[in-house]
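Step one of this worksheet: look at the structure below.
In this document, chain identifiers A, B, C and D correspond to the written order of the chains, with residue numbering beginning at 1 in each.
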């Protein structure tokens, strides 16, 4: 069955989620990944939106977290302090999804600005809850397209810390957790257990290793054997296309 | 018109309250004083119970703050953190009412134990919100009967601080505010502006200065002229007897 | 996920020595059926915490289940004092760490937020603080405000192993509503590792989704849901039933002497197999229906 | 006490240079009519704070009313970025102190509780923190946890002069209900010296007393109550009306160039005398009724 890169990204995200986990979700592909997991293998998962929404069941897609369409049929509607404070900061979020304008090889993310922060730059959206999720979730999953200049040796601004400078530098900053996966439109990466550098785990069908590495601004760790990413199932594609995002609001 | 000492105490408490003030109230005489003020000269006053009750309008009397009878028709029902945290600790309570087993000349209160805390003692009720109100309200009013051994040179345990050791010792402890009035069944006291010792302000009709001082375990400051306390009005007595406490639950 | 459980299974999930936060306040919303079952099962050496000590805690102490109490004082309102707690404190058999309502609430709040300390104005200048500094020095400490340099008292978070919370309504997953003032329940639940919800009514999740603003306990915190009519008896449950003044007076009377207290436990706790037999003992539906709350007044 | 006020009187109570906390989140529950009136009255040099920057803040910045912004980033969701805020940051004309959602929420929470500092895990290891240490060093500081000795970042409380909060329902005293998620509104209101409530509906206090658990803003915090239909337009108000996508797109389009932005202000802000004329301008009831929320869906 034919599928798009976005569909594979959403499915790969869903596969990382386990039943009964607590997941902090942003708009876009993470919503698709989370609802897909919840509607398939992880019905007991809890989905959180930072502004105070627990386990919604939307019937329409929304333009963002502020859109009441995606709060529909929530079990609880509360507040930032409730979700980001008593759940996330209290250490109860198993997985947080993050995206960004730029990422480096240690999974640090920039959503704040592009250019020279001390000189000429363009300001973008900043953190929202992203820095909080990156700092406090047990693990985070980065979902972003692997376009030119998105994965860079050095990023303009660290909005949300990954493994900081690699090695144990994140722990020395006082943070636990850290990114576990980076899911792009070309491949899936983990992080090397010691150096904490991005490490290729699987390549999406239709791509070569060259396709993958040529669009990164750094050299990832490449194990001797790198399998292809498992393609989506027909059921997964059906759910994405007909149930979760029929208007293709999130899938672009 | 005839009236009891309790009725005069309630009326004296009500007179201390001004319109638009925020008042933290406990069960008993303070409830009568507060509702009396609210039904007469202070309709814009806000009445708080520590467990999360704002501005109730009970139609029945209750056995304590835990009795749903006194939550009736509240405008807001919330929590300890809401009332004692975001109102009291935030510095928004103008007046707190307190009572106790024992008080000393600096308005320190004991509700914890009688006897020798290091030896043989009887444990009573402890603080509840009393210590918090004594520490954080802009002013407090102590209402208690002037029975033998209730007002003592030294009390067994300081549950709720008044002016600590007098003078500026309360401020040096890091606390602002402090008690403004002590209302007993015999007299009303303030505190000397410098020494912070209890100071006689008025004597209830029917008592002599000797009646007043003979039941105190210390010598209060006595100004050259001490007037009699103004008696309750017929309207105040009507409200207490027919509207606020018809079953004489609080007035004993 | 369905977490419906019997009371006995829910109680059996708590090892002796656990720290348990209880939802009672004086004579309202107390987890009385829970306390009776804990005593029956012989669970011991509990640490119990609560902003204002209530009848559930007093019964647990009187039943020998409690080693340590962290609370802000308490009573049974007009009915009397916490006789079992007080006796334990006076004899030294109970380790009681006594705070104020707000200082316990702030300790739960800090626990709920995952912060390691919280500043507070309360306690300073009182013997409560000097006692705590002697007894439990590691939970209270002064620190210089890093911004102004002022000296502030700070408290450690409370992080109970289990919160046990009596509510009016929840679903089988544990999403729960509390009617009336919530006192320390929200922070207790969010500070604790897990929560046992005891509900008068278990309703379909569909109903929970209709009024999501009311949800105080989200199911992600909950390990067990126990549906139990009159689970707070003889204390009250706002909008469901009033306190049973006669039975509270029986309790207070019983606490006056060792003999009568033993007889009380034998009759009301050990003498019944479970909560259903207890309800029969106190008069069954014939008696309990007289306590049903007026739907307008809520009591 | 009746606090009903016109929008213009409520806005006139705010001196230039005040710190104002706004209730918007992206394109929902923004105090848009308030922002338009602030610009019309020529109030300037405001400090504005908000967990997640929203359309109300962007308009105020674009209208020249804001000197300093304390926020956690923000956008207009799919419609675009906060163009006026971003332009101010890029040119240096706006002093922006940029945090994360939780760090602003914790600063409001500390303000609401009257505590002088609050520890947090967020921000460490990021350039957000290093920027704040350069810009606003006095609001972030590391301190040793007095219990474990661990190094923790702490933040100062936010204590705005006024919170301006859009709600669905309140009474004339200001007791207010918020339907939907409340994001930072409860803590903003409780941290601020006083609150201006902007409500779609003002109802009798009798109705407030019927569901006291819903009251998010107690009247003791409130200085003014403004009843204003469609006061959040073109942003949405859950259970009342949807966002007006066309008008948000007009706004975003206008922010692209100086000329078009000036024309936007002339038309939508300066070109109308008050909120009623604004509602006429955007199509009056004929247009606005198409935005009315479906009573089941709430949008």
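Methods note: contacts are C-beta pairs under 8 Å (C-beta built on N, C-alpha and C of every residue); 3 or more make two chains touch, one makes a residue touch a chain.
What you see is a predicted model, and the numbers here were worked out from it, not measured in a lab.
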From chain B, count the fewest steps through touching chains until chain D is reached.
1
Note, CA centroid farthest from chain B's centroid sits on chain A
Tell me which of A-C and B-C has more C-beta pairs in contact.
B-C
Chain centre separation (chain A, chain C; CA means) in Å:
40
For the pair chain A and chain B, the C-alpha centroid-to-centroid distance in angstrom is 57
Can you check how far apart chain B and chain C are, centre to centre, with Cα atoms defining each centre and the answer in Å?
28
Residues of chain D that touch at least two other chains are 106, 113-115, 120-121, 150, 152, 180, 213
Residues touching two or more other chains, restricted to chain B: which are they?
77-78, 81, 85, 89, 136
What is the shape of the graph in which nodes denote protein chains and edges denote touching chain pairs (line, ring, star, complete, other)?
other
So which chains actually touch one another? I want all the pairs, not just one.
A-C, A-D, B-C, B-D, C-D
Contact footprint of chain C on chain B as seen in their complex
27, 49-53, 59-60, 63-69, 71-72, 77-81, 84-85, 88-89, 111-112, 117, 121-132, 135-136, 157-161, 164, 169-170, 173-175
Touching residues on chain C, where the partner in the complex is chain B:
25-28, 51-54, 71-75, 77-79, 81-82, 85-86, 89-90, 98-103, 105-106, 109, 120-128, 131, 150-153, 180-187, 236, 238, 242-243, 293, 297-299
Sites on chain B touched by chain D in the complex
20, 22, 43-44, 46, 54-55, 57, 73-78, 81, 85-87, 89-92, 136
Which residues of chain D touch chain C once you look at their complex with the stated criterion?
106, 113-121, 138-139, 141-143, 145-148, 150, 152, 154, 156, 179-180, 213-214
Chain C residues touching chain A - in the complex, by the definition given at the top:
1, 111-115, 173, 175, 190, 205, 208-209, 212-213, 215, 218-221
